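The data blocks that follow each hold one structure.
In what follows, subunit A forms one complex with subunit B and a second complex with subunit C.
Let's turn to the complex of A and B:
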């Protein structure tokens, strides 16, 4: 698979596309003022899945540690908020941030165990870890309400969720971009390409891996926390839902692993698709997810963003004029 | 609570029989890994398809799952051939081959499980042979367990002998060591890897037939068994025949005794924890090299 992501030497283009993202996302501040209903809900859900895909990208896309159990951090965040709000009557916004912190700390701790394990061993271990947490959530009824779940007081409306999750998406995108441009990003890409070689060059791989894992977990946790107070009800099966990991992976792979734009595009495409199909044909949607994963890996392993760039360049070559600055 | 000697014996026999079926499943997965170096995430889905084949043949035509195992094996062999040609071969020689094939077969697992769900829904099915349990001395074993375990043991031994004693087995092991050097001595690695993926998938089909008489047949079993199969081979060490044996028996024991000691609710934790503990001590599994 040639150059997954890291587009060195296209910084101008990257900066432009980033300003475009910032502009687009700023525009998304407006809708709830004029609309309040189905479309706002849809947009908010899209933002949530996109933020999750972007957070997955920070660890798995950049460092090559494919986490199939990343939904565990969504669950930790959701349960942290659920417990803080119902048992200790915390404010939901504060609780969401604390949920993120809980995920962050959990990731530091779990990372010490899991990130020593490499390649496919890591992929399955992360999944197994998530399933362990799910079993604990099902069984520790005094804390988590067991299979009955937790019911949160309904105080916050759609608009609050919309802005909170948009903020999360903006923050995770900005952080993903910042990490990619920093020495940490280069360290992570070096680890992905050859961890032993990276260590030989003096990169403290453990430090960077755990940091990336924890940052990534933080945002997944915040998203889970916001989700918890928005739907006002969480149970082990919706908080620790392995479909979430599938969504993150498919979105990021479709858009382009390791790119900042990729998970955003993938997140939008697949959440919209889910919205169209889920209610009437849930299995068809999952079949499409599975098939997309296969087809994308087979035919556009670099992701759709890379292909779009190539098409634009090709159009330039054959003389089709496109505005220089999109 | 100290269990009596009979209870312990009963648990051991059950664990051995269940473990043997898991060994067969893990050997199928490991055989594919050994030659292709790809972890087939869809292995559990293959087992599930084998179980459905056995269920429908039993339900519609009354064919015993032990007889229809041949059919399951052939059907899954065909699917294995497709998997090899379409989902593994195109990626040979690529840099991130192991990651790519892991993700692609993960996609295949999702695809197969949900197609099954779409066609046959989530209804719990199963082959009920209606035979009384076999009583040997003080212990009584349900017959599907007994027959399934014995068939699995026999097949695992046969396959082991094939790997060690026949020309095909030697060629497969040579490709597993080094594709390039195998080619130098006149072995076509593509033919060998196709053959081994097909045999691995066929073993998954047989495992499915055996399991259809023991567990409920649902689409969900595809993902559960997929994780279980990968857990077993990773626990034992990827690509190692001994690893599959150790891992399969360990998981068999963890399941049989976990239900007894921890109750059904915490039982899944036991083998997950076993995996995490083993991997944090030895990141490549018990018998894994690398």
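Let's turn to the complex of A and C:
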């Protein structure tokens, strides 16, 4: 199991590694100035999947409640933006934030019901809930346009989407880091290890689970909202797309769940791998992808980050010092 | 509150699991500052009683009173924050956290919680010293500790919540004789620091020496209550549990 990285003496190292992350992500401000088209599009999609993986990490990685239906919050955000922009003429940026808020509130409400259910049953219930929302989106034509979807006016283009989604990624990473270092982080990790024991030592588990679920949903909602105005068209199948849940979970697990770095590394590597494989082997790319995932699960089940930490520690033992603790 | 006053009162507590009556009309009082032993055969309802007191189970009948106020059926985290700490028979540590972080959790969320994380960490480190937890093992993951270390960590984590009452569920279980002596001293030390202690135990020699008063449960009902010497000579207790007369030292 990955170490928490909360304990005394690690703050300095954690702060340094966070600054490195922030610096690396800030460098991504430059590309759209010198380049447009395919690579910017690819980077933006990587940011989106990474932000989604990080948001999933806040509830599922930290508290151990694996939300298989997390794409529902992407969908709620997307539809909130779709409805606000087409029916109420809201500005797309503002609508994206409101889309996040809509997801936040939905998560508070749904969390009160779903988060009572533990383990695999929670995972399945969240998945079912997402599918229910998809059916609602299909049927409530007066609001959602039903199967025809909603067409949004093209207001902002690729460059705006790129920056908006990069900002979302930065924000969700900062929040994930802040939560991990706070008392809320202790509460969530205690719940992950033993919820009953956590309650016995003074933790109001319901409160922390719902808060984590809602914060997580907020960022998934913002990402969904940005996606909606970027592609200018949403329908129930693209907004409530279960592949998104797969992407979030796989990226986070690939990198290392419960770590702040994990979903970032996982999101970048995995999305890139998928793209490269799709371009090079269009017919068999899913087979290769699946096989590589099985290999990762088999040989590094706790994720790449934990393995990197071990390598760094090993290097430290033989005299090579790299101070960062992720 | 003066010494000798009732700190925790168990009043006619009954708990059923389907057709099984785990606790049958159990009543007794835990006095302020005392070290009370709770003994009984396996399955007699000792741990169930602790789970009722700490809010993990809601009793089917009866009440639990802390300092005269009813706490029956409150949520476990609230009961913890009112000053009742517990340890588990089989340690239930946060296995993916370090030993120190386990204690920090108790400090951050218990009765004596403060917003200052740094201060809570220092408090946790002090408590680890208090229970004589090896300094070099503080940063070890709790899942990798030895049984003795786990038992000490359980105690430190419970103490970190600043309890007035400590419910210790078999703190000596599974330990070797040398470790038992050390743990007995530790429990005395905890009582002497001003806590009221209820201890469940199977190690008779230890509990007879340690406890000032003993309550005996059998098949969910209280069959005896009194000083260790009385208990050791009680015919009902001998028949239900002890099997033979044992020597209880005079105080």
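Here is the rule we go by: the second predicted complex is superposed on the first by the 282 of 326 C-alpha atoms of A that agree within 3 Å, B and C clash if a C-alpha of one lies under 4 Å from a C-alpha of the other, contacts with A are read in each partner's own complex, and residues count from 1 in each chain.
Just so we're on the same page, a residue touches a chain if its C-beta (ideal position, glycine included) is under 8 Å from a C-beta of that chain, and two chains touch if they have at least 3 such contacts.
Predicted, not measured: the structure shown is a model, and the values here were computed from it.
Undergrad: Using the superposition described at the top, determine whether subunit B or subunit C touches more residues of subunit A.
TA: B
Undergrad: Counting only touches as set out at the top, which of subunit B and subunit C does A:186 meet: first, second, both, neither?
TA: The second partner, subunit C, only.
Undergrad: I'd like to know which partner A:196 touches here: subunit B for first, subunit C for second, both or neither.
TA: A:196 sits against subunit C, while subunit B stays out of touch.
Undergrad: Does subunit B (first) or subunit C (second) touch A:246, or do both, or does neither?
TA: Only subunit B is touched by A:246; subunit C is not.
Undergrad: After superposition on the shared chain, which partner residues are touched by A:124: those of subunit B (first), subunit C (second), both, or neither?
TA: First partner only, subunit B.
Undergrad: With both complexes overlaid on chain A, does A:218 touch subunit B (first), subunit C (second), both or neither?
TA: A:218: touches no partner chain.
Undergrad: Taking the superposition on A as described, I'd like to know which of subunit B and subunit C A:204 touches: first, second, both or neither.
TA: second
Undergrad: Applying the touch criterion given at the start, work out whether A:138 contacts subunit B, subunit C, both or neither, answering first, second, both or neither.
TA: first
Undergrad: Now for A:73: first (subunit B), second (subunit C), both, or neither, which partner does it touch?
TA: neither
Undergrad: Per the contact definition in the header, classify A:229: touching subunit B only (first), subunit C only (second), both, or neither.
TA: neither
Undergrad: Show me the subunit A residues, by the header's touch rule, that subunit B contacts in one structure and subunit C contacts in the other.
TA: 1, 4
Undergrad: Give every residue of subunit B touching subunit A within the complex, in rising order.
TA: 39, 86-87, 90-91, 94-96, 98-100, 102-104, 106-115, 117-118, 223, 227, 230-231, 234, 238, 265-266, 268-269, 272-273, 275-276, 279-280, 283-285
Undergrad: Under the definition above, what is the set of subunit A residues touching subunit B in their complex?
TA: 1, 4, 64, 66, 68, 113, 116-121, 123-125, 127-129, 131-132, 135-136, 138-139, 242, 246, 249, 253, 283-284, 286-287, 289-294, 297-298, 301
Undergrad: Per the contact definition, I'd like the list of subunit C residues that touch subunit A in the complex.
TA: Checking each residue of subunit C against subunit A gives 54, 56, 75-77, 80-81, 86, 88, 92-98, 100-101, 104-106, 108-111, 113, 115, 117, 121, 125, 138-139, 141, 143, 157-158, 160-161.
Undergrad: Which stretch or stretches of subunit A touch subunit C in the complex?
TA: 1-4, 6-8, 182-183, 186-187, 189-190, 192-194, 196-205
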